[in-house]
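Two complexes, one shared chain (chain A), two partners (chain B, chain C).
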Partner chain A sequence: MRAFLFLLKYSYRNLWRSKSRSLILIFSLSFGTGFIIWDLNFATSGSREVMKEFLSQYAGFYQVTHPDYYSKTAKNVFSIYKTISDDDFKDQTLFPLSTKRVTSLAFISGEKKTLGVLLTGIDTEKEERLNKLKSSITEGRYLVRGERKEILLGKKLAMRIEAKVGSTVAVVGSSVDGSVANELMEVVGILDFGGGDLEEGLAFTQIETAQSFLAMAPERYHQRVSFDAINDEPPVLTNLSATSWKKLLPEIAVSVRFIDNFTWIVSIIMVMVLSLGLSNTFTITFFEREKEFKSLNILGASSRFITMSLFLEVFLLGTISVVIGIVFGFIATTICSFYPINIELFTGGKPILMGGMVIRPLVKFYPESQYYWQVPLMIYFFLLLSLVYPLIRLIQRRKNVA
Partner chain B sequence: MDKLKYLWHFSLKSLKRHWGRSLFISLSVSLAVIIAVWVAAFFDGLNTQVEESVVNTNIGYYQVQTPSYFQTTDSTEPLIWTKEIEEELKKLGAISYSPELVLDSNLTTPEGSATLIALGVLPEYHQKMLSLKIQGEFVSQSDEKDVVIGAELAKIFKFHLGDEFVLNYQDQKGELRSELLRIKGIYQYGGSLFEKKYIYLHQKTWKSIFLSEPSQDELFNRIVVMTPSLKEEKTWRKSFQALKLRTWKDLNPEMAVVLDFHDGMINFFFVIIGVTILMTILTPVRMLWEERVSELKMMKIIGLSKKDFWKLGMVESFLMMSAALVVSSLSLAFILGIQSKTGIDFRFLNDGVSVERAGIKLPGIIFPQLYLKHLVQTFCFVFFVLGGSYAWSLYKTHQKIEGER
Partner chain C sequence: MSLELKNIEKIYSSSLENTVYGAKDINLKIDDQDFVAFVGPSGSGKTTLLNLIAGLILPTKGEILFDRQAITHLSLEERTAHRLSHMGFIFQDYQLLPVLTAEENVEFPLQLKNMNQKEIKERVSWALEKVGLGSLHNRFPRELSGGQQQRVSIARAIASKPRLILADEPTANLDSKTAQEIIDLFKKLNQELGLSFIFSTHDQRLIDQVKTIYYIKDGSIHEKKTH
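What follows is the complex of A and B.
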């Protein structure tokens, strides 16, 4: 124990022999550690916030439907005949943070054009409380509850069929009893999704109007959409099917995963670059002290002692740097949890369009505890690797001298 | 001249004195540059392919549109496709172009409904622009009521060659109409959304089903134009003031933002990797100079001026930069030269799935692109890292010499 303490003291003193050099090394390693922690937190929180922003506008975190509502092979194919009701839910705890919807493909006719849309009947008051659909209305007003035959159109759709607030449009589709559904509806509001494709493909009406349009019983509907951001994983249900947004919007999920994985790769590259630089410095430092090592040998210090002292020196340097780096990372992450980062910084101020709608996410950081041990481990691993070459060279030289 | 020559020799010898260390510093910088520039080249390749995936649909780099189509996608007022317009397009450097008529229509069968865009094309122009893989035949002048549909649409509605289906639409007068069309060909191209949405008719067929009065002219609602890039956008905008011009970025803003986002990420990555490598290189360079303090002090006594000291440092730094530049440029040219031919399958990042965004199927295999700008980036990076490290080290060493005097 005393020998170890001596070794520790010796290594610590060696570390501070060239103060400025050690300080620069510590600073670069701390900067790297802090940045990687910040970067990983940014990637995780960024994906989460972007998705939260996107999903809370309209899509929701998961949908509960009839097991055969969505096609098993393609989630963009669905059957309007497969309906559900509240009675199908054994556990109704998800009701407060979810809303029911009736959906159907329909054709909307203006004076010159007929265009296909996804017509969604919504529980107006519940949707107003759970998502941001209402805030996307830039002209006119939101839907008023009841079977009032009102419709909200996307801006592009309205432009293409030349409909305005107050216009009447003809809506044609297939009802669940097999007959042709048709209805005249009044345009009461225009939705602005920032120019995304959804503006062209979506229309909303009251759930009561949609049920009547599709000849459905008032208690029946197609989807129960959850906006519970905390319990965002779909529950396991026996008689119904719960589908995550990741399966419903695979193109978005894949894009987000790509960015997440890319961030990890960048972090690993950074650690490699750092360790290469450190290895360089260690090599120079160790060679510089060869005379000193020889003197130590003559005085009776074993090669093991010298090697151990070098390991300890690197370990001490790594530990000081990692601790400072963790503090750096923590401070930076905490600041960003109070002052969120606007993702538009990366697009030169342009809004981000995702899944057909514009999103303006402010990335508020939620520090992930696992990064505070994963990153240091990664740093230690690469530090050890960076020691291998200098040590081999040192041992070789000693053999040659001997 | 002799003095400079002497400085060169001296610097070279100083570097050779600790050749391992010099090599290591150069290699560290080179490796960081190679990684950083490779990532930039990868994303440039990705961006180029994303751009190509978007423009090689029915979008093109530019679309010249009629004013009414530009405003509301109203097809009822097509214009005549003239030789003058064609000449203008050629003059502006268009590679290929296709005058098209566009009809929003739909299809309803027991299998379901679909929204379709029926494009009235002139095959002699369209086929030069887009090479569709077709089962059966493409539309032709001899067509009666023939149509070419996408494989995805055929799959969903169980259509085969020779089958007929009813196309619903509103004609030029706004009247609801239905027309029976025969499937002449089934194409495979792009993503599933593309194949589901677009159907092709010969302009003759399109005019016969949509226009109220027959027309012998070749018409267009839009002209889809392929060019090498969007570089000449200003010139194009000036040339088409009566007609309206849209770029692919206007037509598919979601994908345009993806490219901007990638560029932003790369710039951020460059800055961070630059700062990190600067920090790690700074120490060895500083050590390199610090251990020569006594030697430099002696040189100072025998007449080394401040100016010569800096010259000496700069020449040494130039030699190091040259070594790092040569190594990194050659390595990058070699690596990217191979990868730009073989490509990199990056679907492993997405569990083997190809990304499909905004109706566009993005490439699964990326071919990194080596541009001249990458060499400029390499130079700037090396200059920033090694130049910065040397400048700081020289400054500190000089201070030390002055202080010790």
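What follows is the complex of A and C.
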């Protein structure tokens, strides 16, 4: 232990032999550490905010349905015959930030054209509180509660079937009793999601209208959509099925995962490049100190001792850098958790279109604690890796001399 | 302590036209308390001989016996451990570790030997006292004169109580007064502690003081003189 402390003292003092060189190395490493922590938090928080923004528009974070509502093989295939009611939630948490929905595939006919859409019956008052559907109405008004046979159409859908606010459209579908459902509904509002394909395939009506249209009992519905969490896994329920947005919108979940993984890949490449530079610096430094290593060896220091002292020097360099880097990263991340970053700074002022919706989030940071150990671990790993080549060269040269 | 070099040959490079010898047909024996110098011009092979004795390089031919044990058969790490146990070194340019104080420099080989702290302290004080540097123990090498640095280097060499000290041009970088002081110190340590010394030198003052002189020329012992 005493010998180790002596070695530690020796290595620490050696670290400061060339102050300017060590300070430059420490600055590079600590800046790199801090920046990567900030950047990973930015990517995670950014994708989280984008998702939050997107899901809170109307999709929701997870849905509770009948276990057989969605096809086991394809999540976008569903059965209108598999309904649920509030009774199914007995002895189970009835999610406070959730709303009931009735969904059906239907044909909507305007004056000249008929198109297939996903007609969703919504609890107008709850949806108004929980999501931003109402704010997407650019023409007309929001739905009024009750079986009033009103309908909201996506902007593109309205254009294609040539329907306007005040027009009457014919809606045809399949009822749960097996009969043909048909209803005339009044267009009361036009939804503008930013010009995406979503506008072409969505229509909303009151849940009461949808239940009547599908010949469902008033207490029955298809989905309870929750708006209360993004990262939490959906709860496990008895006789019901909870499906997260990740399963319902897999292509978007993959995009989010890609952003997170890509940021990691970029960070790793950045540290790899940094470690190549460090490896070169260490090689030069070790060659400069070759005479000293030879003297150490003459005095009786084994190769293990010399390697250990160099390893400790680099470890100390890494530790000082990583500690400063963590402080940098923490400060930058904390500042950004109080002062959100407008993501449009990175898109040249243009909005982001996701899943057919326009997203304009301010990225507020939610610092992820795991980055404070994952990033330093990565820095240590590459720092030690950068020692391999100079050490091999040093040992080879020593063996050649001997 | 006995050191014997038997038919030692060291070839640095060899080709059909030319063979460069660092040492050739070297046979010599050094005993306890010997005070020996290898003398010769630059490139004659003095340092090669010291390096061979220290086990820093291996001979191309021949055998080196330390206490009748062949060190030429030892591995690189075994030779390092052998040096640590039995030899002390003094260099022309002192080779003190700049980041360590005088005291810590002397402590260095003792730490390598994993000795206990109490013994290390005693040995360091003893060695620094022996070389007359007791009061300068906390100074870094850059704060010491050339003579003082060489004294620290001597203290470091004797601290682990080796049986053989190898000194490569130990007075070459010193002024004549300091050089004489250092030579006197070597003599005192040789007589008082019974240490064997092997010098590589062309300092006449040191040559005049040694018991045995080996004149080296082109890697071979050209002449041996005894005072």
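Heads up, the rule we're going with is that the second predicted complex is superposed on the first by the 376 of 402 C-alpha atoms of A that agree within 3 Å, B and C clash if a C-alpha of one lies under 4 Å from a C-alpha of the other, contacts with A are read in each partner's own complex, and residues count from 1 in each chain.
Note that in this section a contact is a pair of C-beta atoms (placed from the backbone, for glycine too) under 8 Å apart; a residue touches a chain by one contact, two chains touch by 3 or more.
Worth saying up front: this structure is predicted, and the values here are computed from it rather than measured.
Touch criterion met: A:Met270 reaches chain B, while chain C stays clear of it.
Set against each other, chain B and chain C touch different numbers of residues in chain A, with B touching more. When both complexes are overlaid on chain A, the residue A:Glu219 reaches neither chain B nor chain C. By the touch criterion defined above, A:Glu125 lies against neither chain B nor chain C after alignment on the C-alpha atoms of chain A.
Of the two partner chains, neither chain B nor chain C is touched by A:Glu233.
Residue contacts after overlaying the shared chain place A:Lys350 against chain B, while chain C stays out of touching range. With both structures placed on the common chain, the touch criterion links A:Asn297 to chain C but leaves chain B unconnected. In the superposition on chain A, contact of A:Glu111 is made with chain B only, not with chain C.
Of the two partner chains placed by the overlay, neither chain B nor chain C lies in contact with A:Asp68. Shared interface residues of chain A (contacting chain B in one complex, chain C in the other): none.
Against chain A, in their complex, chain B makes its touches with residues 20-21, 24-25, 27-28, 31-32, 35, 39, 71-74, 76, 104-106, 108, 112-115, 156, 168-170, 174, 176, 253-254, 257, 260-261, 264-265, 268-269, 272-273, 275-277, 279-284, 286-287, 291, 349-351, 353, 355-359. Interface of chain A with chain B (complex): residues 20-21, 24-25, 27-28, 31-32, 35, 39, 77, 105, 107, 109, 111-117, 159-160, 162, 173-174, 195-197, 250-251, 254-255, 257-258, 261-262, 266, 269-270, 272-274, 276-278, 280-281, 283-285, 288, 345-348, 350-354, 356. The residues of chain C lying in touch with chain A in their complex are 54, 56-58, 76-77, 80-81, 83-85, 89, 91, 95, 97-100, 104, 107-109, 111-114, 117, 156.
Those residues of chain A lying in contact with chain C across their complex are 2-3, 6-7, 9-10, 13-14, 16-17, 292, 295-305, 398-399, 401-402.
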